[in-house]
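Here it is: the structure, laid out below.
Here the chain labels run A, B, C and D in written order, and each chain numbers its own residues starting at 1.
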């Protein structure tokens, strides 16, 4: 194995740092100061908070490593932009992030520039290995918040009865300039149809489309040189029974069939907690599905505005409860994360073809890759791997302390930054969460 | 009595319309788009909502009167900016006003200009009497929202742990330019001291400062030509027993004495509902009072930033429950609104000397006027006067439907626009409300 | 005026003490230990708690007056049976009274006997004037709890889907013994019809049935020798405008007309708070009205079991909000308490003919008396009379501290013990309360 | 393998049916009708509900199998006593079970006798295999409710500030008869000391007391003839890394050390959700621990009344969050359920020596058995085994639909009926639950 040159590593990290920091600003660019201030539910954070928090992460965990005399930019930003790190002190209550109008977006931009400059200086003077390691963590951390930023602003805009778009569809920009105006939703359908044509996928599970796996003792988890979060380690053996994994994601068309067959009205299909929640919140369709009256055609609110439901698109914004109920209805089940990884590790090239974050799309289209489009709920609760050790100090709060009452999702989504997801990557949300770009892929016993 | 010329009336109204619309914009001017978006509790509305709602009021109730073909500016603004008028259709849920980032402040400004222009055109073409009457209501309505705008943004900024000021103290602006920097609070005290010196007031109730009233059958309520809200009518007789009303407002110094005497710890001083609430919310002082630790000196958060408590200033931001408990502690009671009006109608000149909205002050100073500085809680529940009739149609929802579970306040405050308050004016809030500029004036049986 | 002999007073009080204490036990007698344990909402108290609390009142406020060495029966009963008297120490949280299975009904009965015996001994040895005065208060207090006991157990039984009766209708007892079984509700209608026939009353407001009052300066409130609560004093003058008061209570038939005319669907009829509550709780009819499906005939759950709605019966179990909405719908209004008392004091004989607590009825029937059948909501908030002074010490907490956010009801109901209500008697409940036997009588301006 | 005679099976089942039904009644016998009516929180059910529900289970699932014409005993009991079986119709809301005073305990006893008789008749006429199978399920179901009955009544009595005992300690009965009275708590300690002496156990983890397991591919889950719930199947292979399991349960003495070391104040020891809950509910010690003031000695409320904490007793009534925090504090971890079963299946004789339900004890004492005294939290979320199939029909709702957001506990407790627990038995509760008799046994990597 060739030696990895330390300088190359640092250069590479710096390049990625710059690109990631720029992407965050690009993602916020279409949003007004008003947009960036709103918090629509406790799970959601304002855009300007994401921009501040990711900056605070570098300021708090990276900059002091080689500069113990580093002085924070602002006496209150540590309090305001700490998310959940108990070890670094008190913090603003999460449900009240949307009450903080100041610092405004301009001041947050200044803060970002200040910290960017300090990081650049750090690189110029030759950072320590510890600093580099935390800088890499900071990069991956900011990528996670890029996805959260898009998830969160989608929910914010959804709370507005006018259903405004995060940004206009890119083709609409051209169309507009050539005088072809129209309602966002009207034009969305043809675009989706085209996507369907150019990305041939199975449209039915009847008799087709299963990847078979013989089971047995397999290895899962991360090992080796590349970056991974602590929750992906250590690599270890698990025993699997033979199983099949679907070659494709569950589609909106299949979901419509589930709905028409009483999927949201039949308790026998649901986990008890899920049924209670579905009744309380009157779920009738995935999040972001709307229709006029009780009989109008369903539309889907996307980051580019509302559009008609396209049958062949992967279903998105369903909770674990809904995914589980659908799987039961279909006579299948959700895969475990071990099953998913067992298949994925045998198809590493899939990742290259995944539909991940593209600023002009921001909505699942479907593909033949095991990765991308939507995060895939697994049947696995989010638990430590055997021998799991969390990092010392505050960054140890990153993953381990959330290992309860959550379920693992695999594969990445259409708002996951490219280069972020991996075969061993474990995303996680509570079973009730719907605002992530979450869908499902079926499994069954062989 | 001289004839009132219709044209003069219209000119006068137009002048006031322009002045009032301008003042609203001036009040919003120090606030960023982020500031104007936040709603810190269901009672509070975002600044940009106030700007939109007052505009919607003219658009909805005034413009169509003489122009039945008037077409609303935007299809969704009726839904978004209706406050509580059931008769004009569905509306956005009040607690979710802070989730609406669009229209942004720029679009709201455009909306204001559009409606202003339409109103100017209405005046140019000679408005009907009905239109004029509703335009006058619209003026007074917008003045109410000017006070609400200031009350609300004070609460919004208070939720920020940095306690930012709405605007800098005006003297500080001069001071800053001459290089005399310093903490906002430091300079506040001398200014207040000076105010105390130039406005000599009693500092104790022992033996002094009571206005005596012989009671008997007196008339209260509005009658005649000038504008008044429907809730001030009809004028009618009430029988009063002899009583005394204090010449001055209760001060912060007196409130500190109440606190030191266990005012917030002794249930026997409190109404039962008030005691329950005070315990639940852990009240220890008026709203906006803060101190470091359990023993630091108390400061007060004002629209110009935090400042030390000044003993001679009128106490402000107390609930009806606190006002009532204080009155009981002091061996006195709150006046009824009839008592208050009986005295006020004998001192109409007082109103001219009242401390009302001055953009450079925005905080009570105290005066010898019966009016101004702080709204004064009365012992009277907000009820219809005998023979009360509410207006027909949607504007009839203005006052009558709130006549339950609220208490009347009288006199106006340091954020009430000049020209808005009257001898017969009835403000009202629930007994639990503290974010209004509310204080008290004692009464006792003669 | 003849001298009142002190011994006669004591004898009279003792007689009433015995009768009242017995009645409480008689009211509890139809209830099982299980029935007596349940608390169906925070406002409700378990039957055995009422039995214990009224006993604790005598033990705490009466017995120690002449016997400073009196030792409480049980170390925990002071904590468990104190309702809201802050001055006598901590107490069990009200919403958790239904979690206390011990003391059981047997132990509560022992406690009652113990205190009864001690009171008898007090009388035997010649009680002080202070003791007699508090004993009289204790008698009236227990009468209030007799009504509460019946209100509360009605709500408890209502929460049971089987809608069990507190006791069987008395005629049904005879019927049963003679073999004429049947569904409680079937037989209720004829009985009600008969009551309607034997108590002729106006059945329409069209052109009839108004008591006119000329208004002017009148006196209200209690004065003189008989017992009254502190909240009925002092007697004082009020100025009234001429008005009319209906000769009869609003009936179920009229209420059905209100419902059919969209009474529960038209916000313009409602106070804003009331409309919000009615929507939240999905009110469609008075409390205790039920029907099968959306179209079945309405039945009313009574203490004797469910029965069909009888058009001529006074409507009962409506909130202030509903009463106010009905009055607005009918083009009338609620009377003020001053208006009610002005009329009532001119018809003192009415009280003798009132339908008050009769153990075999327990449901309003209607009569020509101003009193009885149902408590009548007035438009008056519950406020102190001019010059009101509350008693010193813990018993001073009896009334005054509740004088906020409540509305006055007058006249007594079919579950008010005879001898308890008076012309000057002021009952009070929050505007939202429906479990009291509350109805209404209309008023209008003359 | 010898043939199992069908008649023997039936006889055996009948014997167990009788014994189990009797035990339920014996467990309820010390409780008054008032005790049996109370529901202290939504998780808790009233004693008389448990008695009714277990009866309804036989009536609903067993009796109709061979007697399709079986007519339910009461038209409302199906509604009132259905717990969560959606497939058999609507049911009374769980949080409102404590509002139902009727049927009373007497009527519930009649219901039990009626169904017992019908089951006896079923046996007399030769039940079908399906009926026998469901009868066996009914037996095990009732055993589960016996434990719940005791868990629940303990919580009910705990809500009473007098902390009454479910029953008197058996030795106290003797003592009382010989005149040796005293406070329950005083005498508890010597008894516990004695238990400690007669059951020698390790008192420290330093260097001792670990059971080593080499890991590897092992089999877990139920297979074969005996009864097991569906969630224990199918038997399957899992791969384990080498680990150690403690020979004994964590004790109160160790828990006191955890508390003294800031266990309840140090967020770094806790899962994030757990820390939030511990702060909200102000956890300072396990449930049922009390002390006077902030410094008094801790006592534990038991079903026999309060007693001093005994250092050597197993800690009980801790949530998953607390167990996990303790394990982290001690440098160890919780075992997975697979690890636990791997050890347990190698020590099947342990079960015979377990401390399970003994009516005179009802509190953990500690033993050298892997089973008994307290349920042991495992690190495993409650999930289906590979290939899990739930039963068809309503009884299929027994286990599968709860497989989300719960954690598995193993081993049985001092209130688990003997004969109920097994090596493969999986109990489960949410991570927040504390009212079960739940403790922990540590594990660590080898």
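The working rule: contacts are C-beta pairs under 8 Å (C-beta built on N, C-alpha and C of every residue); 3 or more make two chains touch, one makes a residue touch a chain.
Quantities reported herein were computed from a predicted structural model and do not represent experimental measurements.
Asks: What are the mutual neighbours of chain A and chain D in this structure?
Replies: Shared contacts of chain A and chain D: no chain.
Asks: With residue numbering as the guide, point to the option in C-D, B-C or A-D that repeats A-B in over half of the contact pairs.
Replies: Match found for A-B within C-D, B-C or A-D: C-D.
Asks: With chain centres defined as C-alpha means, what is the inter-centre distance between chain B and chain C in Å?
Replies: Computed from C-alpha means, the inter-chain centre distance equals 40 Å.
Asks: Distance from the CA centroid of chain A to that of chain C, rounded to the nearest Å?
Replies: It comes to 60 Å between the two C-alpha centres.
Asks: I'd like to verify one number: the distance from the centre of chain C to the centre of chain D, where each centre is the average of its C-alpha atoms, in whole angstrom.
Replies: 47
Asks: Hey, what residues on chain C touch two or more of the other chains?
Replies: Residues: none.
Asks: Provide the residue numbers of chain A that touch chain D in the complex, in ascending order.
Replies: Contacts found on chain A: 84, 86-87, 217, 236-241, 267-268, 270-275, 320-321, 324, 379-381, 383-384, 386-387, 397, 401-405, 431, 445.
Asks: Quick check: in the complex, which residue numbers of chain D touch chain C?
Replies: Interface residues on the chain D side: 32-38, 40, 48, 76, 79-80, 92, 96, 98-102, 104-105, 156-157, 159-162, 164.
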